[in-house]
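In the two complexes below, chain A is the common chain; its partner is chain B in one and chain C in the other.
Moving on to the complex of A and B:
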């Protein structure tokens, strides 16, 4: 699926994560900022990537500012931003949820 | 070659040779006989010790390779450290050892500059944080920093392991001969506890003050017999930043829950009886404990013989209410505690040796019943880290942690997780206080009791509303919540040594990999 519009989900509050998706070429590219990047950077990117794959998003720039979010929070924000970027926010993808 | 010490940490052989140190063995200090050192004294009988400027006194006292010291009683409001270090750096001195009682954030930038210019090549301190901790963790300093607890610093000064050539001590008042205290003046901070060691053992003692008093100035915590020079400056500190203002009672439900359970542990322990003694820290939960404890003392008609250590207003309130008989005060964390000392003979100023030195004829911590301490991390062996952050970077201080942990009941109060970082872990990044001296961990979901305290497990099992887990269970609950972190990567180079309070090496901190 192609990114229809640049979209944003999440806040910069502690224990939240802000994810921005914009159009990209040749794969999924991450720009990750996190205080726990050393310990959980790979984990955060893998969590987001699995959501993007569920939406068949293949070419995308993913800008992430993490404030120590737990995995369910990361997943929820990733789903929200994917729906917005694909302009599907009125038709939630129940299978992904 | 490496050697594993008794908390299972690998200490490079080479360090044990060059530092002439032993690996940590046990918390019991025993009864060794110790030879203390004495300072050199240059006799003088003149009418005044006042000199014009810091520049002049630095030129008169400091030489390449010397050990210079400071205290941190001005905390984040300190002007003296920066004024002196500016002159020391600008004069071009090299290879100095910096031996302050601790380093606060306001000192960071100038220490980093002194390291970069070769002015400072060795540091011993209670701790460091911010840009300095970051620089050291990235290998900025030539030689490893040595971290010592407040009691251990006193011991090392007395034994000559730290030989202070020149001590620069800021004071809020002094007379022309150097009689001074920390209780009066615009920049009053209360107890001079840590600085009293420097005053007693430094070869050269320089007092820096903004308020010259008529001779003789009393009460004199530092005496003219110890002082070589007095310098008058415009301002020694920013009163608003020396101590936090009025301490507010926490509304954080997690902290309150922890505080309630800490209180439950204390009140149901065998130590909660008339004449008991305690030490609390300055964190939100610790302050809340003091308030819960106050009510429990009133309800049970129990009074404490003394409160010890770093003192806050809520502790002084207990003294004024008659619930605590004496406050034994090595430093003051807030204005309320700092300003009450001068009016209350029951709030006794104590030096770091009296407070916590194991190589002593008896320190206050030896008589301590209950200590409530914090932790960045605690592991399944109950070992505590208060020094390195979850990214491996130095960002803390030992303070009196190891010393107070020798109390009969040592309670660590800490949340199970902070953000995505677990507090209860399989192995702490850096062992500072050995698990052998920790009795109970209190988190917001329940407590864990050190298995060697079967007596406490038996007593506390009967307390309603106090869930008891094994520490392994708490660790697993934390991991389930946040996930398993990728292990930190370090380089081989050792950037800091952590001593136990007896001077043995309990752990090393290595350069971080980025």
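Moving on to the complex of A and C:
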């Protein structure tokens, strides 16, 4: 599925993460900035990727600025940005995610 | 201590998503303020509340106390904009736009977080459009990182490692609240302007709280045919300067004998009485208040000199020491003298001392105004609802716990005190001022008081004192 619009979720406050989704070519491409990229970069991207897959988002550019967010925060921000990018007004289906 | 304090009681849990959404809301708000006020400093004040419950009546009290004090700390700068959201489910927060240097304001904020008794629960961010990406860390400004509520270690390290379970962190919050508001309230060292305003506010708050049985309020003049609520407004305004003089006397007192502090404020007290009579065309609206509040302010001034934030019990002990000679030396002597010479009419208090051995307001100050802590501030803190309802509940609780010399004078018999206890008990059974039945009962009582020409001036004075300290501690 393609996203409908560029979307942003999260802030640059400490222990938060900001994720921006925009129209991409083929596949999911990441642009990640994080102080803990070395240790946690892969984990952060995996968490976001699994959420995007649950929403069937296939071709997208994911710009991420991480400020030391914990996994539940990353997941919640990823869900919020996916909902906004797809213009979904319904409550997210938490059980599936 | 009768029951444990639970700051989180009656709060509603919020989800992680709600907290995260609120963070986006806050950042958007801050950005908008920065864009509108390009040259100024934007300040965001919020609380660090562990767990899912981030707002409750007690949490709002706590926020209000700190917010008021922080505003006073910023009083040297011009405040261009102010917004408070005390009821947000994700926790109370406030925004300010201040005309002042970013670094100087940030330092004030950190100093507040460090020095205010509950400062550890506050999180104050400062930012300015003129300095984008400018992150002032505590370390850069020469302060240590914020400490954990439980173990005083670096807070971030504890949070990351999840070193303490939620219950332990919430218990730490409860303890801070308990120490500040409950066990022995801490009174910040306010500047003179704030103290004068708090005292005048207290006088006016007492006057407008309604319906007070037998007393003057906007609904009725009670059992006082010679005055109305406008006299109370006039007289309250006339006393503002006096309150400042009392504070000043306390703050600059250098002697070792605290009874000399009372001597020092006496001429101001006499002058204040004159001003009251001038303002009211000769009606006694605030004589008791001039005496008790003047002494309390002077004692607080003494206890808070050199910018110390005293505990209530310390202020009370100063009140007691200031007035220690009032009973033995003065009252007994005056009464004995008047009896042998018959050259001066005794005041109501003096008469009651002679006839019933009641020590009245003198006894109250000599004992350090005990009901202020045990009844007044306690009821004000625990009572919910509008400010009028809380002040009525406080007033009734106070009236039931003191021997009111005005009431005894009017009744001509100290047995009226027992009768009053029944009325207060009935008021409480009906649910107090928070129920319609309770409010109706107060109006009925007012009729009874008017019919029997009764009035509770002593309890009204205590309500003024409670409102004053409620202001200074942030409860009101």
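Keep this in mind: the second predicted complex is superposed on the first by the 89 of 97 C-alpha atoms of A that agree within 3 Å, B and C clash if a C-alpha of one lies under 4 Å from a C-alpha of the other, contacts with A are read in each partner's own complex, and residues count from 1 in each chain.
Everything that follows uses one rule, which is that a contact is a pair of C-beta atoms (placed from the backbone, for glycine too) under 8 Å apart; a residue touches a chain by one contact, two chains touch by 3 or more.
Treat the numbers as computed from the prediction; the structure is a model and nothing was measured.
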| item | value |
| --- | --- |
| Chain B versus chain C as contact partner of A:77, first or second or both or neither | second |
| More chain A residues in contact [chain B versus chain C] | B |
| Residues of chain A at both interfaces, chain B in one complex, chain C in the other | none |
| Touching residues (chain side chain A, partner chain B) in the complex | 14-15, 35-36, 38-43, 67-71 |
| Complex contact set, residues of chain A against chain C | 9-13, 16, 72-73, 76-77, 80 |
| Touch list for chain C against partner chain A, complex | 16-17, 20-21, 23-24, 26-27 |
| Of all residues in chain B, those that touch chain A in their complex | 390-392, 419-421, 481-483, 485-486, 488-489 |
